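These are the structures, in structure tokens.
In what comes next, subunit A is part of two complexes: it sits with subunit B in the first one and with subunit C in the second one.
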Partner chain A sequence: MASKFVASNRTGWLMAGPAALVILSFVIIPFVFAIIFSFTNQRLVSPNPAEFTGLSNYRQLLGMSVLTLDPVKDAAGAVTMAANGTPEYPSLRSYTRNNPDYPNLEGMREWFSFSWGEARTYVLARDVVFLTAVINTFIFVILVAPLQGGIALCLALLINQRLRGINVFRAIYFMPVVVSIVVVSLLWRFIYDGDSGLLNNLLGAVSFGAIPKIDWLGNAHTALGSIIAMSIWQAVGFHMVIWLSGLQTISPTLYEAAAIEGSSSWQTFRYITWPGLRNTAILVLVVITMQAFGLFSQIDVMTKGGPLDSTQTIVFQAIQRGYGKQDISGGSAISVVLFVIVLSVSLIQRWLTREKA
Partner chain B sequence: MTKKTWMAGLAIATAAWGSLASAQTALTMWYHGAGNEVEAKIINQIISDFNASQKDWAVTLQSFPQAAYNDSVTAGALAGNLPDILDVDGPNMPNWAWAGYMQPLQIDESKIANFLPGPQGHWGGKLYSIGLWDAAVALVTRQSYLDELKLRTPTLDKPWTAAEFQGALDAAKASGKFKFALDLGMAWTGEWYPYAFSPFLQSFGGDIVDRTTYKTAEGALNGPDAIAFGNWWQGLFKGGYAQATQDPADRDNGFAAGQYAFSWNGNWAALNALKAFPDTLFLPAPDFGHGSKIGAASWQFGVSAKSTHPDGASKFIEFALQDKYLADFSNGIGLIPPTTTAAAMTENYKPGGPMAVFYDLTKAQALVRPVTPGYIVDAKVFEKAVADIANGADVTATLDAAVDEINADITKNNGYGQ
Partner chain C sequence: MAAITLKGLKKSYGQAHVIKGVDIDIEDGEFVVFVGPSGCGKSTLLRMIAGLEDISDGTLTIGGKVMNDLPPKDRGVAMVFQSYAIFPHMTVRENVAFGLTISGASKEEKETKVAEAARILQMEHLMDRRPSQLSGGQRQRVAIGRAIVRKPQVFLFDEPLSNLDAALRMDMRMEIGKLHKALGATMVYVTHDQVEAMTLADKIVVLKDGLVQQIGSPMELYHHPANAFVAGFLGSPGMNFLEVDVKEVNGDRATVSNAALDPVTLTARHPGIKAGGKARLGLRPQYLSPDADAGAGVLHGKIALTERLGSETIVEAVTTDGKPLIVALARDAVFEIGTPISLRFDPETAHLFAL
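The block that comes next holds the complex of A and B.
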């Protein structure tokens, strides 16, 4: 006799079955593999059997160290100045390469450094590219989540009106969403072109040539910003539709009551629309955050992580290492780190948006 | 997991081709050139000639788009479904041989004695792959530019020195006639970077890895010669002679439009350049101290490790090595024929032909990329390093980091069995 849970849910299991099977085989099992691989030296292609290597992949990924150096002094004890007038420090290379006195620094690179009085403190990392990718991904998430959500809400409010032809606007705002992100990225590569790009021509035309031509994707200072702007534009329509559905669940009687009470449009938004959108807001925030952490296609098509690692991201690094450099174990370790990051962020978001009793 | 379903599809497809042949033993073959009609026509011609020429073997062809080819071979190998004959990009061959995808060819080496060295794929002392063509790179410019800038025409015996090359770039820049003095092809990210730019490093005296042992890159990629290369390379961009990011359209048409005085480009682009300017010259690479160097090795044919008929597969490859087919490929898609006799049969590479200079260039200067299974990783590390240096990264730190990454990869692979 089957238990009540199984028996009375037979139809339910039958319906959930296909989806559960797909999730199991395409998400859960590969992820379990990734966790296992991250503790080995598994290669994509190799005649050597994989060996268990403990935490070495994680050590390689996250290893950091701090080194404080005093400036170089001449015989009289005065600080030697470099050509540009700043104190000269001993070369980092003499500490991080083949220096038997500092075996723990072997193979490390400068991540960033700062001066503290006369001495200079260097933060060294074993994998500067990965840490740069983590920072870039967080910058992307922190900028995209509020901006995309906010702009989408504004658009939703704009098109949530009974006007003639409003569907045309809805379609226009939604259009970028249905185009493949790869196609969108290719098009924006032309728009951002440093020489004859649409954006440069536009800026030149409105400023009568006062704004110089900028190589948007080729400049380390503008590349990530350009990708952020383009990504916001591309997916804003999707979130607009979610906001719109939220807006349409708010009962018109509330608005009528507000109108009778003589509330201003700001008050209507603040005390009726916004509270009514609470659950939608949580959904939009969580979805944008998840999508933003997965930033990959735009990078792969537009910049490949360059220039100077200014657009490296976590997922791009995971794929580049696991597949491009055939280092499945390294790529898996990155995926596991990303999983931990996303899980923590989601838990924090859940806690912040919990129902307060 | 997606790979698995995909592999199952491949398995079914392979079985389907297998059943096509009847009396003759079926041999399957994969080729990277799907979508190129001229290439397909020539390869189909070779296959039908071969199948008609004897009674034992019948080759059937499956073409892949180049962008998906390497992935397909990896997937096929993991699933144990490789064809008998496959083609491989020269520098990748050692990786596939080491990984157990390929086995040595059963072709007598005397048959290829007259071949250029580039198309011969040797690894571990054995011939694993052989190419029907090679490719070469030259410094493309015009006679009129050289005259106008009052520059000596470099020759194979007496190429430009580093100082002369610098002088040429300075003159081109000072003339104010060009958007940039030099077009390096920065738009072509990927294998172009190690193929086209590592010969500069080698001419300086450095290399991507230490070729005496293939166990380390220390000293080769971050020694004084390599740092000198890095500083020179960065100077090209800092000094405004070349652009670090390039519009692909400028790469394709910039030289013909007169935007660049010099273009570092391959023989495949030579016909277009000649069409634009009849006085186009293909100059040898400058000598930065250790001889002029250009890259070598293009796509080559080999036999998969799992093939149960390596003798038949080798017979087919040997059959394809006839001069007439080498000449067909050259005439069809502009590639360099690997023998002098085949070169004499072509329109462009016969003595006195418009592109004959490429044959001489590749004969005199060609150096294959590091022959090691680790090359696949080395190439990507090198690509990132030269791109970063071009964009202004610290030369020594970048090269050190590249060395560390290459060495870590060699260690992770237990020295790649070398």
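The block that comes next holds the complex of A and C.
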């Protein structure tokens, strides 16, 4: 027997049906499959059936270890110096490859290292590229969220005026949003070009040739920064519109009251505008953060993760594993890790911005 | 001293002329009410005094200084808005202290002044609440608190009671009246409610279509309206107007009549009344009575409807030529609908306006 809820809403269910079906097949089922696959050794195309492998995909991704080594000493107990004048340490490979005393380090590689007195501490990881991708993604989010949100707010404040032709400015700022990110990325590849790129020419012109030509996307120091700058530019118009809608919900009489009380522009922003934008600010912050964690298209079009893994990101890694290397279970595990990260960050943001009673 | 003078004040938005040359003198400490129907320009005029609207032409002075181009904060005015305009994210205390906060007053100064404002407005118990936890009347109290805390020389009220229910409106009206007595500041008050105007004002300015119709004390306007518009706007229920034939004019005396009105001679205070022409006779409902000794003027009609309010009775009559006529009797009386009635009035209480 159908419940009353189902029966009395037949028309409603019929109307919602197509959308529900699409959501089910393209969101819910893939999501469930990703979780299931991440615990198996499923390949994208393989004649062998998948086997349940427990947490091995996650161990492979997140496995880390710390190893502290003392410098190599000669018979007299003095530290042996390498040719460049730094102390010499035993070879890492002697620990991470076929060393029965350190089975937990088997197959690991150096992620980074630092010195503490004489000894040198090595942080080893099973998947250095993935961890680099995690760090890069966090750098991207931490820079893009405040900068994009802040610039969008400034633009919104500028265009929230009754001026002749203000709609032209609104349209200009919004234009990059309606252009596909792939097209934008392709165009910016020309701008960032190392030889005859627009940016190099511009910098050369304003500095009369003092600034040397930089291969913005080909240099490990500038590639991520270049992608961050371009990404901020591309979506800033979208968030500007959200800020603008928030600004327009603030009653004009509040501004009039503030003006009569003698409030300066900054005080008006501080006491009227910003508190009035509270909910908008939370929305913008959460949306930018979530979008930024999904960084992929720009990387795929502009750098493919390089140079020297300096622009690897979590989603790019997931796609590369899953489809490039046909390791769909590894890619799924990355997706699940990303899901947990984004969920945690969102919950933290919600907690930090909660309505204080 | 904060006398306000408006001289030839004009306001236009492109081709639309909203204020068409207004001259008003407001003395220091006076309570002036701008009253008129909606769209008459009264709020615009107030906002021009506040500095929220530009002045297209003319001169505005406050305390002897020309204010035309000064920003609102330099005019020494405080304003209370119809929508309260209190800041939703601040407590009542922060709202009241706002003007002091932004001018960088010390903590002690803020505390004393806010406490004083809270005492005057009897809202000490509300100080830590947020605006969303307040009723409409309490919110308006907060807005008034924010206005008085800076001790401005001029208070501007823009329909402050329009969003309140009737009972609360009367309370707040009295509070504002008391506040004026206590502070002795100049107050300019905009309303479309003639009761507020009559009860609060030292001086009423009646506006219509961006022009001043009449300026004067409430009783002056009530008893000696300058034209039919002012006469009809003030007083409740509104004045009855009848079209009459002018039989004879003798100096300032005129004899008028129509199908329902027996010939009566009264004082014609307004120009343009000519023998043989038509005129408009204005009769306040309170000055009409069915009593035989009520006066020399006699109107004939019949009862159409009565409303008994206990202390007064409102009678709607229809004259023999089919025009509605409202009578307000200051006593409880019973009338049967449809019965013929003769209504009398003292000719000296009637107003004769040119058509």
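The definition used in the following text is that the second predicted complex is superposed on the first by the 336 of 357 C-alpha atoms of A that agree within 3 Å, B and C clash if a C-alpha of one lies under 4 Å from a C-alpha of the other, contacts with A are read in each partner's own complex, and residues count from 1 in each chain.
Operating definition for what follows: contacts are C-beta pairs under 8 Å (C-beta built on N, C-alpha and C of every residue); 3 or more make two chains touch, one makes a residue touch a chain.
Worth saying up front: this structure is predicted, and the values here are computed from it rather than measured.
In the three-chain model built by superposing on subunit A, subunit B and subunit C fit together without any clash. When the two complexes are overlaid on their common chain A, residue A:324 makes contact with subunit B while staying clear of subunit C. Once the two complexes are laid over each other on the shared chain, residue contacts for A:43 go to subunit B alone; subunit C is not touched. Contacts of A:267 after superposition: subunit C is touched, whereas subunit B is not reached. In the superposed model, A:217 makes contact with subunit B only, not with subunit C.
In the superposed model, A:256 lies in contact with subunit C only, and not with subunit B. Of the two partner chains placed by superposition, A:104 touches none, neither subunit B nor subunit C. For the superposed model, the angle subtended at the Cα centre of subunit A by subunit B and subunit C works out to 140 degrees in steps of 10.
The gap separating subunit B from subunit C at its narrowest, counted between C-alpha atoms of the superposed chains, is 47 angstrom. No residue of subunit A touches both subunit B in one complex and subunit C in the other. The part of subunit C that touches subunit A in the complex is made up of residues 50-52, 71-73, 77-79, 81, 83, 85-90, 98-99, 101-103, 143, 146, 150.
Residues of subunit A touching subunit C in their complex: 251, 253-254, 256-264, 267, 271-272, 275-276, 278. Within the complex formed with subunit B, the residues of subunit A that make contact are 25-26, 29-30, 41, 43-48, 60, 92-93, 96-97, 107, 109-110, 128, 193-196, 215, 217-218, 220, 304-309, 320, 324-327, 329. Those residues of subunit B that touch subunit A in the shared complex are 1-2, 74, 77-78, 95, 98-100, 189, 244-245, 247, 250, 376-377, 380-381, 384, 387-388, 391-393, 396-397, 400-401, 404, 408-409, 412-414, 417.
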